[in-house]
Amino acid sequence: MPDNVAAVLHGKGDLRVGPHPMPELGLRDVLVEVRSVGVCGSDVHYYEHGRIGDYVVTDPLVLGHESAGVIVDRGALADRHPVGQRVALEPGVPCGRCRECRHGRYNLCPDIEFFATPPVNGALARYVAIHQDFAHPVPDELSDDAAALIEPLSVAIWANRKAGTTVGSRVLVTGAGPIGVLAAQVARAAGAGHVAIVDVNADRLTRAAQLGVDQTVDARDRSDLGAIAPDILIECTGVAPVVRAGIHALRPGGTAVLVGMGADPEMPLPVARIQGRELTVTGTFRYANTYPDAIALAASGRVPLDEIVGARLPLEQAEAALRMGHTDPSVLKTVVIVTQPG
Amino acid sequence: MPDNVAAVLHGKGDLRVGPHPMPELGLRDVLVEVRSVGVCGSDVHYYEHGRIGDYVVTDPLVLGHESAGVIVDRGALADRHPVGQRVALEPGVPCGRCRECRHGRYNLCPDIEFFATPPVNGALARYVAIHQDFAHPVPDELSDDAAALIEPLSVAIWANRKAGTTVGSRVLVTGAGPIGVLAAQVARAAGAGHVAIVDVNADRLTRAAQLGVDQTVDARDRSDLGAIAPDILIECTGVAPVVRAGIHALRPGGTAVLVGMGADPEMPLPVARIQGRELTVTGTFRYANTYPDAIALAASGRVPLDEIVGARLPLEQAEAALRMGHTDPSVLKTVVIVTQPG
Amino acid sequence: MPDNVAAVLHGKGDLRVGPHPMPELGLRDVLVEVRSVGVCGSDVHYYEHGRIGDYVVTDPLVLGHESAGVIVDRGALADRHPVGQRVALEPGVPCGRCRECRHGRYNLCPDIEFFATPPVNGALARYVAIHQDFAHPVPDELSDDAAALIEPLSVAIWANRKAGTTVGSRVLVTGAGPIGVLAAQVARAAGAGHVAIVDVNADRLTRAAQLGVDQTVDARDRSDLGAIAPDILIECTGVAPVVRAGIHALRPGGTAVLVGMGADPEMPLPVARIQGRELTVTGTFRYANTYPDAIALAASGRVPLDEIVGARLPLEQAEAALRMGHTDPSVLKTVVIVTQPG
Amino acid sequence: MPDNVAAVLHGKGDLRVGPHPMPELGLRDVLVEVRSVGVCGSDVHYYEHGRIGDYVVTDPLVLGHESAGVIVDRGALADRHPVGQRVALEPGVPCGRCRECRHGRYNLCPDIEFFATPPVNGALARYVAIHQDFAHPVPDELSDDAAALIEPLSVAIWANRKAGTTVGSRVLVTGAGPIGVLAAQVARAAGAGHVAIVDVNADRLTRAAQLGVDQTVDARDRSDLGAIAPDILIECTGVAPVVRAGIHALRPGGTAVLVGMGADPEMPLPVARIQGRELTVTGTFRYANTYPDAIALAASGRVPLDEIVGARLPLEQAEAALRMGHTDPSVLKTVVIVTQPG
């Protein structure tokens, strides 16, 4: 068995790439040689702050939860996929028994084990082990990077599913970062009649337009959002005035899905509008039952995931990958190349 | 044709009961001799403030929108109900053509004509005319008062419908006024496994317990709401700390329905909780498609509407009826007796 | 550890009550001393035919899947319930990982292990072991028999959930056997505005009326079902002309839930009516996520389960219990008393 | 005011194009100069049989209900659209007041007035009048033919909406006629992960593949449908063995939408499968609330309607257009050009 190597966060701002114990392989687990790992804002947040809210990095933690690789070994009862199968890794493994799991909301399982969430190690490592049912086969149409980005695509699909995006929906996305752009592309792929995206950054808006969004809006013009007449708001900024303006713009019976996390646990919302127009406001926490759908969507070319990758760095430069947002803010998504095929 | 008489609001605090023009009878309208009219908080608010938000009483306005009576005449094409039929009046008549109407959300029709909402006159009158499809026959099991109170019962049913109350639901109602109590009773009638109600007023809580609520909670103990583990919050106070505590108490995947109107158009809500537990927050504006269901429910005895009537006054004393909240706060619902049967 | 005893089907018509191996206790299992077991039509069918469709009794099989008892031992990791806790046993334990489980449809799990379904033994035994999450605590309000009958009540709740029964629904139940009667009672408890039940047997109709059904209809008058104007059909006979008449009677947009199993895998259905009125036809296979809701409903007294019990026999007379349908057809539900409290 | 001309069916096989009275213009109606009218199978059926089921042509009837044109006059209260506006005509105008209308199911309104359904005249005429709310503005991206074909596109959208097609859905369409092909294209546009289509005609399957369907299946191989593992069946043949094979192929929890009308009002369906897999079977009758969504979808280019037009004939040759199915079966859709722009 080869040696393992991982990018481990030892504390705020202290990331070290080095040898790491091989993961234990459960009976129904597969051992995956990781190829590509996307860098998510939460990885960056752990790196910069040593915590996200109540989740505090007290022991060394392997970062990374957007990952794909190749199965190289299997537990004794893991017979679903052959060795050699390329897979996208769904990073949260729930208990399968609790109230939330039994209702199909396994993302809300209180005992879920989720990559790179203390104390569970993540996927910025040469080898990871995962229950076979959370390793999803990917077809040749998807690159390793695209397979890793099935994770943020899942976030975008889940947001649209909560929103009920369907043929003809008018969708407003606030925030043109990676999740916002993917949410807009998924909305389009789900048949939305009109997709508008709002941001403060002109470059991001330009890119969103290139990626197929119907309308871009400068966030400073948010008083005009009502003219868009959206049925759906997919909110990806967490910034209070943007959230409020977005909700206020919704047509009667519309739905707002809060994806972006704000700085504060509370936020003033336009409740009189929510009542008077019978709006629905909900939020998302990760996703459930999205991976096979996300893979089918991406493999068909309708959401070209490789196009949002702006930088690719080897595992040894994981720290540089985490700092990319400062180095080059024009990079929408950075991926870490852990191993190379063949 | 006899003369009409009505309780007309001429301005803030200026209610006069006197002769009133007979209503015009449209082709598909029925003319109804009004029997009983419930007094709603909105009637009181118009009386005390001369306005509700953007709705301002500039011309004399007949108050009252919770009403029942007997059909005494019919327009030329109004053949659905016979003269002599006792009916509960659904007080809002929508356009039937717009986007909202076509989607079945006719309560959100921008052109709806709703009783006692400027400039549309209400039902505190001897005679009112209404489209025959909004005059709903009531069976003998319902008293005239109960028939009038099909309107607030509709509000309560609508709140539960939005909440998705069903067999086994754990329901938390905040506010034990007439709407809160009815919402709790409807929750129970819809199969809820547990119904708790919160209020600051011990008398109201006692009465709620008598009316079948499983658990009563003093609002000052609202930090304990989490122990109730509700799936559903039906919020009938509009008071910010109560709303927040109620939402915070919800189980993962739960739903909050905001019925009570607050003083301000915005209110701080626990968005991190909404996201982390994937809660749904929505609001209600009146109701749609509830009248036949409300009549069936009340007629079966499962929500005994007469029991919430605490005072009955004749039309001549309409002003006293509007002041009853001050005269005797223990009265949950006041009805105005406009005419007496035969 | 005491000895076990069970009612074992060795083949068609060959039921023997005698010593039986103690069940193995998994890490998260509880060992339950069984108190009461309801006799279901499927138990009788296995006894009389040695099979149900593709499920064939090839090896000795303990019958019984409607059961309740008391926890007397726990596996090493089973810490949810104390020893001494009285529980209703949800008889199917799914894998928790497959596509169906992950979507919350665990009743459709292809790997579910369900009591008294070959080759999984059932609960007509002094001791059974089950995963702790499928042993549901019952309050004192429920008798042991009622706790066992949470199982058929779950079938009835699931049917109503699939039907979308809610406040005001007009419900037609076809078949006044135990499931039909329970489905009608649940419909009522879920707020149905009108519940009618159809059967060929006058005694059953009389009893259904006593149990709170609004209207009883002789099945030979099924041409009149349209006058009932149901929104919902809960079909509990599996008899083709009844199914067709029931579907035909539905109002536009109505829903038929097929619960009763017919003799043939195919049945002529009124497809033109399904299209012209945009009806929905679905079926049920057991249930999911019903036990806590069923326990709350029964404990509140809204569905008095003890009232449908017509005969109680000790375990030694299990065969007589299975023959009760022939001995005394007026018995709606027979229960087997396995052990007595204290 | 110019003279009107129309294609009038006087009885089975007796179609005459000639002068026709100008339509009356209601207060909220618009007068439309018709440009293009698609020929539907129902038009052909009326022409060949003089009836469709209970709808019998007893008086002369103008055919055609897939139509678009330009507003040339307006009733006194019709102020929504300007004269000169190009519009697609939604051919059914419901009452707006009945139970079905109030629930948003206006396609099931018993009093709906639907083009070319006795005794309501259709759109194969130079001039037609329609309520302004059923004349939907179309953008320049849509040709006149495409605007007329918003009608069958609505059928396809409605089928997918009933099916719940969404991102990742696996969809099986049976029948590669115009509705089947459009349903498959809409499924794809709604994000379906895989769309397969079944037909007996190799030419139709080839064209479906060209129009973007993922997989084509010869209907004689329908025993293989299970390998497709569909979540959704959109049935567009009405042929019993195809319907049954399609339903049988569905995955657990799947949905079948019956769009194609069969010869008989009843059809044997696999009820044991519907129960064992908890499938949902429903049907469609026209559509509701689809026109704006269909226009947005078609205008975006995601369903290129012009590509299914195989023949274009002037109004004078309306009879030849109705016979096109016999003349050239390879024509998927025939349109009648009633007037030419400017």
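When the chains are written out, they are named A, B, C and D in that same order, and each has its own residue count from 1.
Quick note on the criterion: a residue touches a chain if its C-beta (ideal position, glycine included) is under 8 Å from a C-beta of that chain, and two chains touch if they have at least 3 such contacts.
Quick caveat: nothing in here was measured; it's all calculated off a predicted structure.
When the CA atoms of chain A are superposed on chain D, the rotation angle comes to 180 degrees (nearest 5). Annotation: 40 Å between the Cα-based centres of chain A and chain D. Computed from the mean C-alpha positions, the centre of chain C lies at a distance of 44 Å from the centre of chain D.
Residues of chain A in contact with at least two other chains: 103, 105. Judged by the touch criterion defined above, the protein chains are all mutually in contact, each touching every other. Touching chain C in their complex are the following residues of chain A: 95-98, 101-106, 131, 133, 288-289.
Residue ranges of chain D in contact with chain A, taken from their complex: 157, 160-161, 166-169, 186, 189-191, 193-194, 290, 292-294, 296-297, 300, 302. Of all the residues in chain D, the ones that touch chain C in their complex are 53, 100, 103, 105, 107-108, 162, 243-244, 252-253, 258-259, 261-262, 264-285.
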